[in-house]
Amino acid sequence: MKERKTRELKSNAFLVAISAVVLGLIAGAILMASIGSNPFEGFLYLSKGALMNIERIGNTLATSTTLMLVGLSVAFAFKTGLFNIGAAGQMLIGGLCATLVAHHVFLPRPLFLAVLILSALLGGALWGVIPGFLKAKFNVHEVVATIMMNWIAYWSIYYFVPAYLKGPSLETESASIAISQSLRAPWLTKLFNGSYMNLGLLVAIVSVLIIKFILDKTTLGFELKAVGSNRFCAEYAGIKVNRNVIISMMIAGGLAGLAGLTYYTGYSRNMQIGVMPSQGFDGIAVALLGASNPIGVVFSSVFFGILQSGKGFMNAMTSVPPEIADTIIAVIIYFTATSVLFKRMWDGLFHRIQMKNEKKGLDLKENEKKPEEVK
Amino acid sequence: QGTSEAGPAKSNLRVGMVTDSGTIDDKSFNQGTWEGIVRAAADYGLTTKYLKPSGTTEADYLKEIGNLVDAGYNLIICPGFKFETSLYEAQDKYPKVKFVILDGEPHTADYQTFRIEKNVVAVYWAEQESGFLAGVAAALQMKDAEFGFVGGMEIPAVQKFNWGFQQGIKYANATHGTKIVLKQENDLYQGSFDNISAGQQIAASMYDKGVDVIFAAAGGVGVGVINEAKNRAAAGQKVWVIGVDVDQYSEGVMPNGKSIILTSAMKYLDRASYDMITNELNGTFPGGQVLRLNATNDGIGIPVENPNLSKTVSDEVAKVYAMMKSGEIVVAASADGLYK
Amino acid sequence: MSHVIEMLNIRKEFPGIVANDDITLQVEQGEIHAILGENGAGKSTLMSILFGLYHADEGHIKVRGKQVSINSPNDASNLGIGMVHQHFQLVHNFTVTENIILGREGHFFLDRKTASKKIKTLSEKYGLNIDPDMIIENITVGMQQRVEILKMLYRDADILIFDEPTAVLTPQEIDDLMQIMRNLISEGKSVILITHKLNEIKAVADRCTIIRRGKVIGVVDVKTTSQAKMASMMVGRPVSFKVDKKPAQVGRVILDIHDLNVMNNKKVLGVKSFNLCVKAGEIVGIAGVDGNGQTELIEAITGLRGVESGTISLDGNDITNAQIRKRNEIGIGHIPEDRQKRGLVMTETLSDNVAIKEFYKAPFSKNGILKEEYLQQYAQKVITQFDVRSGEGIHSLAGKLSGGNQQKLIVGREVVSDPELLIAVQPTRGLDVGAIEYIHSQLVAHRDKGHAVLLVSFELDEIFNLSDRIAVMNSGELIDIVKTSETDEQEVGLMMAGVKHKEGAQ
Amino acid sequence: MWITLTRIFPYAIAYTIPLLVTSLGGLYSERSGVTNLGLEGLMLIGYFSSALTIKLVQVYSITLALPLGLLAAVIAGGLFSLLHAFASINLKADQIISGTAINMLAGALTVYLARTISGSGNIRILMGIIRKDVPFLSKIPVIGPLLFSQSYWTTWLCLLIWGLSWVLLYKTSFGLRLRACGEHPSAVASAGINVHRMRYFGVVMSGALAGLGGGVILVTYSGEFNGTVAGLGFLAIAALIFGQWKPLGILGATFFFGIATTIANVSQVIPSLDVVPPAIFKIFPYVATLLALVLFSKHSAAPKASGEPF
């Protein structure tokens, strides 16, 4: 009786994520109510704005696409114990490379798409590999390095685009990319009734599957995870830690570069200067809420996509400012960061329920035993 | 003005606006447009709404237009040339909705095809005339001084202000004997519309170098310029700013009640949005047309009431304005022989 | 005869374990009172309660006859209780003075000069020999410990707790410490000493409380009790300190180290002109006090640290600059010193941990794709063979294992991969006697299969029990290599202190 | 060149000061053992609350409005940082994630509130602080025109805070304890000091000072709250590292950033600076930080326990 081994019910990542989401939505509701709006109406129009018709669903998915890839990038880096806060810069550079290709490379469509995707991948990877290298070689903390890289990308774009990619008259953005040179596909646009839905979603989904495969099934994933969980043990085991850090940041950067691809050559078809893409930071939220799991990232990116995509219509129908969506996301992230709280709460709850059940079970057993003892 | 007979007291017209980069109270482009809408709404009892897009890409603009349309808004006003390509698509996508674009006209992204449908009105202003008037007014008031120009981004509307301004100074120097200097190094575009600190630091440098008046056509960068001028004026220095788009007099007011806004180069944005709404209510929406507002149709000007300009200067400018109306003075909308 | 400390019927529970179960400890004024117990017996927990770091679930504490409640180290300190922790509580980049006055600065503005003078005086009074203006990271471990002692004296502590103070000291430093303790007693202070080393208890303690699994087994008078008696009380059965093993069947040279120089973290030579060879079929033990270059030597052999000069060859291959993986492939197994830091990935499953060195090659994987099934079978084999106990078998996370089971897992992984050279560093640190016996037998079995074993241990007993030859290290140098059968602990102890064989034998 | 220098120096100093106090805030937090990546957000909180306060008060008294606004910034920043303190000290959450959450929360919340308050999201104030030459001192040759002319009183306030912080950290018992918390918290605990309380102090101080930094931006060169501090909070963190977690170091680092940014801003107006493309000046501080990190990586002076829960 002393060493009773019952499997204790434990809260899991999903439960924690849901708790954070619920609290985020509640916080949103309180904020809406505090300015005299009806939260139910707010959420109704928010979801309508995102999902009301096929076109809006397409737009929501197009928004999610970029978030998904950034989220995947951040999640992948997390798995290797790195915090990639530089997705914004990697998006910019990936997007810049893709935009250059879109303007200057003319090839048959399938080949062109391959080159386009590759260019964004490489651009992002380059921007990711630099902090990776600095981390591996000089132990420069990747958080600071990637933040610096963000601003370097920002100002490089700021001066590069007007100088080399300027449209006929616009100073603030690059020349627009022709549909045929972009990720937009006429059949998709038609299917989704004229939305911005583009081939990026395919890129994102394939990336999710590849990353999931790499992490779960390959020796590379094994190494990366080992380095992420305990770099000292990995080193001891003969795994080249530095090489893995560099590879990881390279892949993470590449994924963020793809996010830039979907945003700048799929969603918007040009690059704006003086804008740090907010997806770079929303992607952190996506990764955290998705518990750094590729499949989790898919769900959380769609959820955040709905928030981002539906807020405009909500603003049109009610007096709730669209910034409520960002506030909800931020609250969710705070609660994800403090998820220990929920873990304790749920574990405590489960524990109590279990104790109760166990007690019942014990009582039953004792009842069963007694007659035997009497015999 | 006879607005009472213009339309019914209550109407099912719902007027929406999508803001350009910058906010609704930018004391400039967005605000001017919005003020016209608000005035019309008060006069005719309309429902209005503006949406601020989350980005400044074509997709972002189209999305907000779609949101307004789906929310039942049937006249949508879009301030800024940045809406040109989104409206090119929207005019076909929402044929039942009326659109007004200010400072631009619908065309494809590659500038190959310009097409304006019956549900769209495009409005342009002759900013160069406005800049010219402001230049003349400032020159006459200051007589012997050094001027500077700070633009936001190098886009046509801003450039035209600059070119007109330079021509105005030259005109005043030539015909009224003023001695106004504008050095090339003091004529620049900062490169953004939102970098307040850069605006402040540039203005400070210019004032330090002896510039007395800065014409700021630069959104948030201009806010920095105005802040710097206020700071110096409060410390007793004689420095001025020329405002842009709307009468920015109140922006330059210091605690002592005086304003450092010498005058403003205005284009009557509010009038455009107000008039288009009126037209729509009267059934005279000039769909398919490109309107050009200038001196001849009172589309531009400088503030009439302005304590910072003397009576004689105001009178003199009024004469110049009249000559502009009559075609006696023609202001070029190009940089010929001027700083960029 | 008065009790300066009385801890009565103390009980302390941690989730899933009763660390202290009805423990009573009575310390007399002016005595050195030892506490003896296996790892995890609850000694540190008991002292933490006395020092106010933990709060007892039951029981109470009397200090100098008065019942007290100690809720924080401050309370303890105010009662004149001071503690030298197992891990030093010193800020590495502060001066000695700053560390000592921390929390007792006196005024709002620091007065380092006055404090420094006071510390100097105290240091002289107790023969501690400390310069108050040195920075902690620049002084030796022994000095750091004396700083800890000064910290207590500065706070006017007269009840001093030492938790395993000698684990990190050289024999000379241990002798000094014993002397310091005697000085303290003669100044009227009382000392509680926790140590695993029976000879130290014998040397200085007056009485000893023995605990096992959270319970007090007895209190003995040290003078009249033999070491064997104390040991058997502690473990609960007679302890045999000997391992059964046949004479070694020595074969070819497996590890050959020639004139090796290795830098330590402070960028000075930690290993100096070192020569050693280990042959198949023998266990060579490296004896020495912690910090004398063992870590650097092992890291150089395993490839975790670069070599300054010299050569290392393994089974005839020069591996001086080879990659770690290459060394593993040629045949190095390594039971690392710090199992939590190096040995395991705590957040991964047992099966992944078992495969961590070999996952990349067949049959664990093919073309970069893992063979999950094989991984699991293999892990199952290892944990069955080495009796690694866990909640969910191979799917448990390594971090959920107890310390002993973690160690068994590592030993299992390294032994099952059947390396030509098995390097075992402190292989039984933190283990109970049962586990120790098992691991010792496995090391001997590995030797008997014709492989080489290099053992590093700071416990002389372990070295003597297992080794066929003993290499003694001091300040990075090889003092000598002797056959176990031809030497004794005394001689090796002298050599560990740097005295060469011949000088010692004079 | 001298004239150019005297011209841009005062503005470089003005730009440096908000960075300096924010970085100083980061120093308190890191020294107490808590990494605060949320400085950007905390600055924003200060920026917003000072704008709001000044807008409300300026209609009664313009002279009172500015100091009250700064006070509000300090208080609001301090209060908001409690979120980070609670997460990283009590809940032992990942401090980098918590800091990121603070940034996002502050960014979203301030703009949300500003939009419901002003409709636009911008809050403009009537008038900032007027620059003045410091009497007598500005007449000293060489350093007079460089340091003591055209300065805001907030500059001297912030420099005073910087000086007092140096004294507090290095000359007092409290500072000794605080720094010890960032190096070896359990040593501090065993000396009978409440580590959590010290860390709360560090974090709240970082919030208060970052808030002050945001407020200073408003009352000096910006004049309006517009929803972003454009990465200055991150730059302050970079300065903290660049300055090797030392008050004098961060003074140098922030001034370095200040002068680089000012040169980039005004290079268009000053012909002698126009030869170098502004892109170089804009990118320079970030590249320099990366290089500094590489150089210092061997012996980083980072507080040893910073970022680790206790």
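By letter and in written order, the chains are A, B, C and D; residue numbering begins at 1 in each of them.
Quick note on the criterion: a contact is a pair of C-beta atoms (placed from the backbone, for glycine too) under 8 Å apart; a residue touches a chain by one contact, two chains touch by 3 or more.
Just so we're clear, the structure is a prediction, and the values are computed from it rather than from any experiment.
**Student:** If we define chain centres by averaging CA atoms, which chain lands farthest from chain A? Would you check?
**Tutor:** C
**Student:** Per the definition of touch at the top, where is the C-beta contact count highest among chain pairs?
**Tutor:** Answer by contact count: the chains A-D.
**Student:** Take the average of all CA coordinates in chain A, do the same for chain B, and state the distance between these two points in whole angstrom.
**Tutor:** Inter-chain centre distance comes to 41 Å.
**Student:** Averaging over Cα atoms per chain, report the distance between chain B and chain C in Å.
**Tutor:** Averaging C-alpha atoms per chain gives centres 78 Å apart.
**Student:** When the C-alpha atoms of chain B and chain D are each averaged to a single point, how far apart are the two points in Å?
**Tutor:** Each chain's C-alpha centroid was found; their separation is 36 Å.
**Student:** So the centre of each chain is just the mean of its C-alpha atoms; given that, what is the distance between chain A and chain C in Å?
**Tutor:** Distance between chain centres: 45 Å.
**Student:** Enumerate the residues of chain B that touch no fewer than two other chains.
**Tutor:** In chain B, residues 52, 191, 194 touch at least two other chains, as defined above.
**Student:** Scan chain D for residues touching two or more other chains and write them down.
**Tutor:** 121, 278
**Student:** If a residue has to touch 2 or more other chains to count, which residues of chain C qualify?
**Tutor:** none
**Student:** Determine which chains touch and list them pairwise.
**Tutor:** Contact pairs between chains: A-B, A-C, A-D, B-D, C-D.
**Student:** Which residues of chain D touch chain C in the complex?
**Tutor:** My answer: residues 171-177, 179-180, 183-184, 186-193, 304.
**Student:** Which residues of chain A touch chain D in the complex?
**Tutor:** 31, 35, 83, 85, 134, 138-141, 143-145, 147-152, 155-156, 158-159, 276, 281, 284-285, 288, 321, 323-324, 326-327, 329-331, 333-334, 336-341
**Student:** Along chain B, where are the residues that touch chain A in the complex?
**Tutor:** Result: residues 16, 21, 49, 51-60, 63-64, 66-68, 70-71, 73, 81-82, 85, 93, 109-111, 153-156, 191-192, 194 of chain B touch chain A.
**Student:** Could you list, by residue number, the parts of chain C that touch chain D in their complex?
**Tutor:** Touching chain D from chain C are residues 51, 53, 72-74, 77, 83, 85, 87, 89-94, 98-99, 101-110.
**Student:** What residues of chain D sit close enough to touch chain A in their complex?
**Tutor:** 37, 83, 86-87, 91-94, 96-98, 100-105, 107-109, 111-112, 115-116, 121, 231, 234-235, 237-238, 241, 277-279, 282-283, 286-287, 289-290, 293-294, 297, 300
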